[in-house]
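Here come two complexes built around subunit A, the first alongside subunit B, the second alongside subunit C.
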Partner chain A sequence: MDRSALRDAPWVVAAGIIVMFAAPLILNFYTLTLLVIYGMLALSLGLIWGFGGILCFGQAAFYGLGAYAYAISAANIGESTVPMLLAIAIPFVFAFLLGAMMFYGRLTDVYMGVITLVVTLIFFRFMNTTAGPEYQIGQARLGGYNGIPGYQTLNVPGDASAYIWDESLYYTCFVILLVVYVLVRLLLASPFGRIAVAIRENENRVELMGYDARLRKSVLFAIGGGIAGLAGALYASWAEIVTPGLFSLGQSAEIIIWCIVGGLGTLVGPVLGAAVLGYLKFALGQQTAVDNVLVMGLILVVVVLVLPRGVVPSLISAFRHSSRRREPGGRRRRGPRGVRADG
Partner chain B sequence: MADVVLETRNLTMRFGGVTAVDNVNFKLRRGELRCLIGPNGAGKTTFFRCLTGILKPTHGEVFIDDVETTGWDPQYVARMGIGIKTQVPSVMDGLSVRENIWLSAYRLSGAREADRIAAEVIERLGLGDIARSTVGRLAHGERQRVELGIVVAARPWLVLLDEPAAGMTGEEVERMVDIIHEINRDAALIIVEHDMQFIRSIAAQITVFSQGAVLMEDTVEAVMSDQRVRDVYLGKRG
Partner chain C sequence: MSAAGVGTRLRPRSGRAGEPIFEVRENWGDRRVSTPIAGFTLGGYQINGYNFFIIIVSILLLVASYLVLRGTRLGLVARGTMQSADMAAALGYSPDRVYMTTFFVGSALAGLAGGVLAPLVGLVPTWGTLYIAKAFITVISGGASIVLGLLSSATVFGLVSQTFTFLSGPVIGEVALLVAAIVLLRLLPQGITGRFFKGRL
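Here is the complex of A and B:
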């Protein structure tokens, strides 16, 4: 465990708690909950892309899979604890198998992008064709493009009648996000996490050191899939309906944009990127003067041109730069921290 | 452990029409220190890559410690106890010097022992001042030493060094000679090097490569006074 890599984590959590209580002063719980869920989805891609170097165009596949796994099992079981766990486990296993296939097949980045994209498309198309009555899993009818409504939403574990919704759903999602954040930071500070970053930096060298890079990438990819699935389950609870739109290419593209704008190589960046852009999309959606796709595209282009590393990493280095100059003698006690700047 | 720790039989590597390694039969004994020389393009780097599994040879076999490892993936070859410093430094640029070395020690030794090994290797290679620096920001010679640190931290018993002194200052080269002798106490070594001064100072048995094949194998003196070797280096045979 590399403790120095975790130095800033308590501050991030503290800031997160402040935001958690302050945000409802500005926005309603319903909107905020969705932004938090988007944040978790972005974090899942930020982990595998920013730290594992794995660009996945199909993070929405795991998100949608988690949402459907939750909806189908909740409709059958009627209590949300097991469905929540399934919504993590199923995308985890699916991502592991998909990842293993790609990594052991030594696919290059481009082909990996294509495959993850195609997998998402297949889910999208398939789910759209499930309108007929033959597509029924226990109590749950898949419902094609109409989706699955009317399942048990999140409840206090063990008490199916104690629904967690609105205000309490918001706080629950936010706390889960903070817990996931802390767990991911611990993971990244552990040898597993450091080796994952080493693979991103130089996979050949890591293999020459005798590590099984392909297995490790598959596991990291699976963890990202599990987190996306968790976000999907929370979405299912929030929306009270799941539809094939979860698997859309638009959704996948948005996750990537959140990460790029927020900043790769950090976890906070993608989360903030998702929350801010998610809000903007919501706000723009309420008017018709400007097209919101256009605005999103514009933001992406501007950030890529002006702050190619993303907003949060640029802020971090700007801050470091100014605090360094203020230090007497201009010399810092520590060397550059490189990728430790993982916020 | 076998007396011959590395052997190749008719090892051949072709890239399309180019035969980079041509029917090489090579043997290295336990504890031996061997230099590999030959002009640019002679196939030395390709030979190393075939040994470590980075490339799968077109033809022929590789035996390490009497185990046939032909076609194995690098991770499995590495686990036999082999370390390689590649020609272009292969390091993790975004990580610190210490972390580069620590991760290499960690696989076999676990976290606590890796802390100790990393500290010792950093000290031994004179990397103390830059231990916390990000490797991507270092000079070429420093990166070479970091890679050497990665190699020795894994405690290999067979070490391949591809041009370890390239781009180093005179002082760094001297230190490199010492380090090589130190490594040689526990491990057999093959070193690719051009610099004759350097080769003399490590006084090893020499294998000369030319056009992918072994031209001759002898002592430093014999090799240097050989007319064929001179011709090769003067470019008459490439």
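Here is the complex of A and C:
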């Protein structure tokens, strides 16, 4: 366990708790909950891309899979504890199988991107065709383009009538996000996480040292899938309907944009990127003067040109630069590295 | 390009090569434009003249790009830069400028594709997104050889997609294409031309 890697974690969690109580002063709970869910989704890609070097164009596949797994099982079971666990387990297993197929096949960067993209598209196309009555799992009809409405939303474990919604759903999601953040931090500080970063830096060298990079990448990919599935389940509980749009190309692209803008190689970056861009999309959607997509595209172009490493890593290095100058004897620390531009 | 009808305007969109250009129709009142070339009958079948035109244009473009890449100095420099940018720079060619030129050409080709296809489809500003994923998948699955790779992957995917569309409907056809891409990449991790036609253009 590398304790120095955990040095920042308590401060981040403390800041997170402050934000958790401060944010409702500005925005309503309904919007905030969605932003937190987006943050968790971005965190999942931030983990596997920023630390594992695995560019996944199809994180939306696990997100949607988690949402659908939750909706289908909640409609059948009528209590949310088991569906919640299933919504993590199913994307986890699916991501592990998909990852194993790719990594044991020695697929690299861009080929991997195509496979993950294609899997998302298959889900999207398939779910859109499931409108007929023959597509029924237990009591849940898949519903095709219209999706699945009317299932049990999140409740207090064991008590199906005690719904968690609005204000309490927001706090629940935020606490879950913080817990996931701490768990991911612990994972990255563990030997497994450190080897994952080593694989990102130089896979050949790690393999020559005797580690099985294929298995480790598959497991890391599966963990990312599980987190995305959890985000999907929370989304399903928030939106109270799941539609094939969750699997869409736009959704996948959005996750990647959050990570790029927020900054790869950090965990806070993607979360902030998701929250800020998610809010911006929400705010821009309320006016008609400028097209929403246009502004998003412009922001991405400007960030990539001006801050190629993303906002948070640039801020961190700027901050460290200035604090070093103030106290010459201060600790020298290397800023987090982003992945290579071609990786 | 005037084939698309009066009152249209081409707006190039910066992006990767292979991304189609959107055609924005300004005159929303006049939206019904028939395809510009009349069809003809061959035996008992009616053949759409414009579809035939698209086939001919694609073949011509493919042959032309093969000839340019193979026969001209421009093509030689472009291929050399793709293989080894440092070496090309050492020999006095600026890789940045070469990339810029190939990007121009790629974007122009994408624009032509959009223009040629426009009369067949209902145009909306987001129309191009339909093709991003397919273009991406086809190019990557082709592998390192530019022309042969594209030709082989496009043939495979087109056959698979159309066969399954014919057998059981367009959605299954689309899914079959995507599954074919996964199977193909799993078996040939470097694309089709990573194993077959190796080293050819």
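In this section, the second predicted complex is superposed on the first by the 327 of 343 C-alpha atoms of A that agree within 3 Å, B and C clash if a C-alpha of one lies under 4 Å from a C-alpha of the other, contacts with A are read in each partner's own complex, and residues count from 1 in each chain.
Following the convention adopted for this analysis, contacts are C-beta pairs under 8 Å (C-beta built on N, C-alpha and C of every residue); 3 or more make two chains touch, one makes a residue touch a chain.
No experiment lies behind these values; they were computed from the predicted model shown.
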Subunit B versus subunit C as contact partner of A:249, first or second or both or neither: second
First, second, both or neither for A:201, with subunit B first and subunit C second: first
Which of subunit B and subunit C A:105 touches, first, second, both or neither: second
Partner with the higher number of touched subunit A residues, subunit C or subunit B: B
Subunit B versus subunit C as contact partner of A:129, first or second or both or neither: second
Subunit B versus subunit C as contact partner of A:212, first or second or both or neither: first
Subunit B versus subunit C as contact partner of A:115, first or second or both or neither: second
Subunit B versus subunit C as contact partner of A:191, first or second or both or neither: first
Complex contact set, residues of subunit A against subunit C: 101-102, 105-108, 110-111, 113-115, 117-119, 121-122, 125-126, 128-129, 249
Residue ranges of subunit B touching subunit A (in the complex, touch as defined): 52, 54, 73-75, 78-79, 83-84, 86, 90-96, 99-100, 103-104, 106-108, 111, 130-134, 136-137, 150, 154
In the complex, subunit A residues that touch subunit B: 1-2, 191, 194-195, 197-198, 200-202, 204-213, 334-340
Complex interface listing, subunit C residues touching subunit A: 129, 132-133, 136-137, 140-141, 171, 174-175, 178-179, 181-182, 185-186, 189-191
